[in-house]
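Naming follows writing order (A, B, C and D), and every chain is counted from residue 1.
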Amino acid sequence: MSMLAQLVVTGVLVGSVYSLVAVGLTLVWGLMDIINFAHGDFMMISMYTVFWLYALLKWDPLVSLPIAAFVAGMIGLLTYKLVIKRVLNAPGLMALLATFGLSLFIRNLAQFLWSPNYRFVGESILSGKRLIISDVIVGLPQLVAALGSIGMTLAVALFIKKTKFGKAIQATAQSREIAELMGVDTEKVYMFTFALSGICVGVAGTLLSGIFPVYPESGAMYGLLAFVIVALGGFGNIWGAFYAGIMIGLAETIGGFYLGTQFKYAIAFLIYLLVLQFRPKGLFGW
Amino acid sequence: MRKLLAVLVVLLSFVVMAQEVIKIGAIFPLTGAAAATGVKIKYAVEVAQEIINGVYPEINLSLAKSAGLPNLNGAKVQFVFADHQGNPELAMAEAERLIRNEKVVALIGCYQSSCTKPASQIAEKYGIPFVAGSSSSAALTERGLKWFFRIAPHDGMETVFFFNYLRYLNEKYNANIKRVAVVYIDNEYGVHAALMVKEKIKDFPEFSLVADVKYPVSATNVDIEVQKIKAAKPDAIFHASYIGDMTMFVKKYKEFNVVPKVVLSYCGGYQDPQFVVNLGKDADYFAGTNATTPALFAKMPILSKINEMYKAKSGVDIDGPTLEDFASALVIAEAINIAGTTEPEKILEVLKTHTFEAPYFVSEKIKFGPDGQNIYSASVMTQIFNGVYEAVWPEQYQTHEPVPQFPDWKKR
Amino acid sequence: MARVMLEVQKITMKFGNLVANDNVSFSVNEGEIVSLIGPNGAGKTTLFNCISGFYKPFSGKVFFEGKDITGKPPHQITMMGLTRTFQIVKPLKDMTVRDNVLTGAFLRSSSKKEAERIADEVLELTHLWEKRNMLAGSLTTADKKRLEIARVLATRPKMIMLDEAMAGLNQSEIKEAMELCIKLNRAGITLLIVEHIMEAIMPISHRVIVLSAGKKIAEGEPAEVTNNEEVIKAYLGERYYAKSKKLDHGL
Amino acid sequence: MKKTPLLVILALLLILPLVVEDVNFQHVMLMMLIFAGLGEAWNIITGFAGQTSFGHAAFFGIGAYTSTVLFYKFNVSPWIGMILGALFAGIVAFLVSYPCFRLKGHYFAIATLAVAEIIKQLFVSWDYVEGATGISIPVVPDSFWAMQFHRSKIPYVLIAYGLFVFVLFVAVAIERNKMGYYLKAIRESHEAAEALGINTARYKLLAMIVSSMLTALFGTLYAQYILYIDPFMVFGLDVSMKIVLLTVLGGLGSVYGPIIGAAILIPLSEYTRTLLGGTGKGIDLMIYGILIVIVVVFEPRGILGLLRKRSRRRLNYGKSNA
């Protein structure tokens, strides 16, 4: 029983980080119908930011968080300005192709600049600390990552729902033409959303840097899982992505523990297929 | 006049001969997930090239003392690098390109056994020697290839070495190790190592396998894997993991307070000096086979000198797998030198019969058996103390006594 | 008495709590032009979707030429000879006009030659021949609407259901569309038309059915229906709205 | 007249590897033919029918594994294995189509990705096919029956060429006939297609089966050429994405697209790697990546779009004005 409790806790912690990666992706995907293949690589850049601030200046990851988020946000913004903007009206999968090329470029640029070595942020305020509640062990880095993820998702959701700019994003997601007729500067909306997506994944990268190695391919698996999570939650649905992330985390830990750890991602993919048989547009999609 | 011309021609041809470059292909994962190791190996092979082509009287190696290969009029050796990205298709294509287009006379590589397989198949097809350094899958030397040689001990040998070490700990230190768990990555490297454990444990009846934990390639976390291990309460854990996942495991062992008596690692992540850099004191007490360790440098001046050159390029001390690939470069060059020609058959003859000097290994020599496997195991058991890989076994190389007990994580 | 072509029996369609069609019944005879009118949100398009198989009705039955087609997939219904157009045109944008029509023509002939013959015939009939090599996506609204009709015509239907085929057209285009309807009807095709523009359909319809809030409130000849008090009540405001809307688009 | 460029391309693809004796060039040509063929096969389901598949590696892998296991365990000729592989791929396509086709658009695309990843994991864990260790195909002397040629790459190139022409023929035949029109109608509008009497479910399924079977053929050839397979290399997302990307780059939905895409992308990746891959700094992939971005940014309709720009304009407006 305590094993199951431990698994559930672990699943939620693991899943909440997935959620945060996915929330950034779903924003862009829902708004522009663009699959950003380089999303995981934005995260990798933010992890490196955290790492170098730690290695060179001994900054704690929590201190570097705003900087890493800013860096990832800027990369998102630049990606929009330099690449996405020009392929917005291109047929079907062109944007995917562009972001794939970008992903390849970023990954190898990271290798070129920082070598392919696996790095870790060795010491931080959180590292090695843990809570023990009866038999259940909760690592503090994971707990903070999960809380940060929930906080960030909440902030993004509130921002979209409550602010004027958030409403402009919603309107643009419904229909670009109509939003423009209503006086929304859709260009600005797109740019900002890409930046916001970058910030989300930047925060995710920071929170992960204490528990996951930093190397040029860091973002690859998270990026892949994020695709599935976004689709599971329903494209463009922030809370959908959040809950889907948790669900995948739980499926991975509980399914993996009982059915074989090597299957943990296969189980996550299976969950996607099963759930969508009943909700063909994702958990929260219509 | 005509005489002069003739002399000139002869002279010129000497110069040309003297400057002839012998190309050897070196195929490694220089990009992609295993690039961290591949790039280090590249530095090591470059060091080998410098040693062969330059004059290093302080290094007591026959090829170090003269520039180039003395038996081939001082011909220089050039290692032509190619990147297989961890993809067997590319390993195969690059092998063929190097042989046909770059006219390499021999090949070394490919780190990952899955890439060494098709690449050495190509060498076999063209009748060109292939010397693998660190690829450890036992299957490689079980294929009956004529042109394939391997320096590293294969995972079958490593496994036997592991069990013998455990036996030694039980006998000498009353370690009372019985329960063994094997934890491995779900690819050719890990799966094959685990297979060897299941096979060899039959010869060591005092041990029982209590957990078999396989985790997917590019895992985002290893939480449940560690919980499975913890539930099995092993005395010894065998790890076949790369540096990234290995580091995550150690962090989780600490978090979940997993305290086995020994953790032994196959040639992989543990041997990477980054392991200690990343984990600091948490890396202490982990153990594994290694072809070398900085602790041995003091005892082995040649190794120390090689490491100096390597460290200047890479910034870290040379590690086991890297040294094995370094050795492959030296061995093939020496074989060509002894053959006195680049004719493949002659080189093959030398590789088959000659015992190569290898003062940088604890075994000090390399000799290939009929299957192409190096019969002198180059490995020692190492264990980390205060961030240093100390040699703990066999006793004649010992730089530190083994500690067959993990202290509690809180008491470090 | 003419043969009954389409019979709709007590169709009810719900979306959650919203009742879009409430117990609607009517029939269309062979060779007739019947119009289905009603204010916005009366459930006309939903009814079309129920008949043509895009929705499975909550209850009720649909018969085409005496055969039960309720809940059959749309393509089977088309195969039987009952087809439809869409209110929001769905041109096969990246294909040429001719290829659009050809796609329809393949229903009756797998041979490309024969299908091309059918398609070219239809293109002539609908005055799209000149534009046959244009991409469907680059047509004007009027031509797109015409293409919708041309495409379904190529499937050699016995009956066509037109969903607002005239909305958004200007006066002369509406006139052309009316003429096309009459032409099709003379060629023996039964028509069921959903339309807002009364001026256009009243003259050509044999019968009119009025829906309001999901219910059928009247049925009869155009003159009868326009004098029906209930219809006027339900419809009057809407009619002016339709007029003004028409003006907008006419510009 | 319309056929001329295609015939010229076909002739070039055949003559070039035969004339140029450089093995590396022949290898590049071989890979080009294989991936152009894979692109053609994928194009049927995605380019024509508009159902984006990110999981075609599954069928490629099934083709590779079927022939390899049969040859390795039972000494069955890879030619027979190739046909059986295509059959298995078709069956798997049929089985996975049902759950996948319930989903539309990106939901479908992600579903195909999920299916391929699950199948990969099953093969990784399947001991009978050697799991993660992969299979080294036993080397036998040159033989057509065993589909192994060690003295020259030309036979491989010829087989690849034959398969490519076959797939191209199937693709062209589909495109020019009823099925092609139906698939494109489904792509443009599901509802319009239904209203035109098209059994969309059946045609999508048919397209998926044909596409997967053709894909599997190349899997067998690939395995026989590399002589080693493991689940990561044949079932990997990399393979699926490579097929997607080169077709998209060339031009989706046209039979020329995959040829153009493969002719650009494959040599680009092979030659940047051979020229710069040895540095260990990832420069080759940086260049490869950024070139893709540049091409897309400056020609968002794909290379074919660029080539067609002028003729299309003439087609659309010139004729209507006349």
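Convention: a contact is a pair of C-beta atoms (placed from the backbone, for glycine too) under 8 Å apart; a residue touches a chain by one contact, two chains touch by 3 or more.
Bear in mind the structure is a predicted one, so any value in this text is a computation, not a measurement.
Participant: Based on which chains touch which, give the shortest step count from subunit A to subunit C.
Facilitator: Step count on the best path from subunit A to subunit C: 2.
Participant: According to the touch definition, list the chains common to the neighbour sets of subunit C and subunit D.
Facilitator: none
Participant: Considering A-D alongside B-D, which chain pair is linked by more C-beta pairs in contact?
Facilitator: Comparing B-D with A-D, the pair joined by more C-beta contacts is A-D.
Participant: Farthest chain from subunit C, comparing Cα centres?
Facilitator: Ranked by distance of C-alpha centres from subunit C, the top chain is B.
Participant: Would you mind pulling out the distance in Å between where the CA atoms of subunit A average out and where those of subunit B do?
Facilitator: Centres of subunit A and subunit B (C-alpha means) sit 37 Å apart.
Participant: Can you give the whole-Å distance between the Cα centres of subunit A and subunit D?
Facilitator: 31
Participant: Using mean CA coordinates as chain centres, what's the subunit B-subunit C distance in Å?
Facilitator: Their C-alpha centroids are separated by 76 Å.
Participant: Identify all positions of subunit D at which a residue touches two or more other chains, and write them in rising order.
Facilitator: Within subunit D, the residues that touch at least two other chains are 121, 124-125, 281-282, 284-285.
Participant: Hey, what residues on subunit A touch two or more of the other chains?
Facilitator: 108, 111, 116, 216, 260, 262-263, 265
Participant: Can you list the residues of subunit C that touch 2 or more other chains?
Facilitator: Where subunit C is concerned, no single residue meets two or more other chains.
Participant: Could you run through all the chain pairs that touch each other?
Facilitator: A-B, A-D, B-D, C-D
Participant: Would you pull the subunit A residues touching subunit D in the complex into a rising list?
Facilitator: The touching residues are 29, 33, 35, 82-83, 86-87, 89-98, 100-109, 111-112, 116, 216, 224, 227-228, 231, 235, 260, 262-263, 265-266, 269-270, 272-273, 276-277, 280-282.
Participant: Going by the contact rule set out above, which residues of subunit A touch subunit B in the complex?
Facilitator: 3, 6-7, 10, 13-14, 18, 108, 111, 115-120, 122-123, 128, 130, 137, 139, 211-213, 215-217, 220-222, 225, 252-253, 256-257, 260-265
Participant: Where on subunit C is subunit D touching in the complex?
Facilitator: Its residues touching subunit D are 52-54, 73-76, 78-79, 83-86, 90-95, 99, 102-104, 106-107, 110, 112, 115, 130-131, 133-135, 138, 151-152, 155.
Participant: Touching subunit D in the complex: which residues of subunit B?
Facilitator: For subunit B paired with subunit D, touching residues are 28, 30-31, 35, 38-39, 42, 80-83, 85, 87-90, 92-94, 96-97, 100-101, 114, 117-118, 121, 124-125, 137, 139, 143, 186-188, 190-192, 195, 216-217.
Participant: Which residues of subunit D touch subunit C in their complex?
Facilitator: Touch list, subunit D to subunit C: 176-178, 181-182, 184-185, 188-189, 191-201, 253, 315-316, 319-320.
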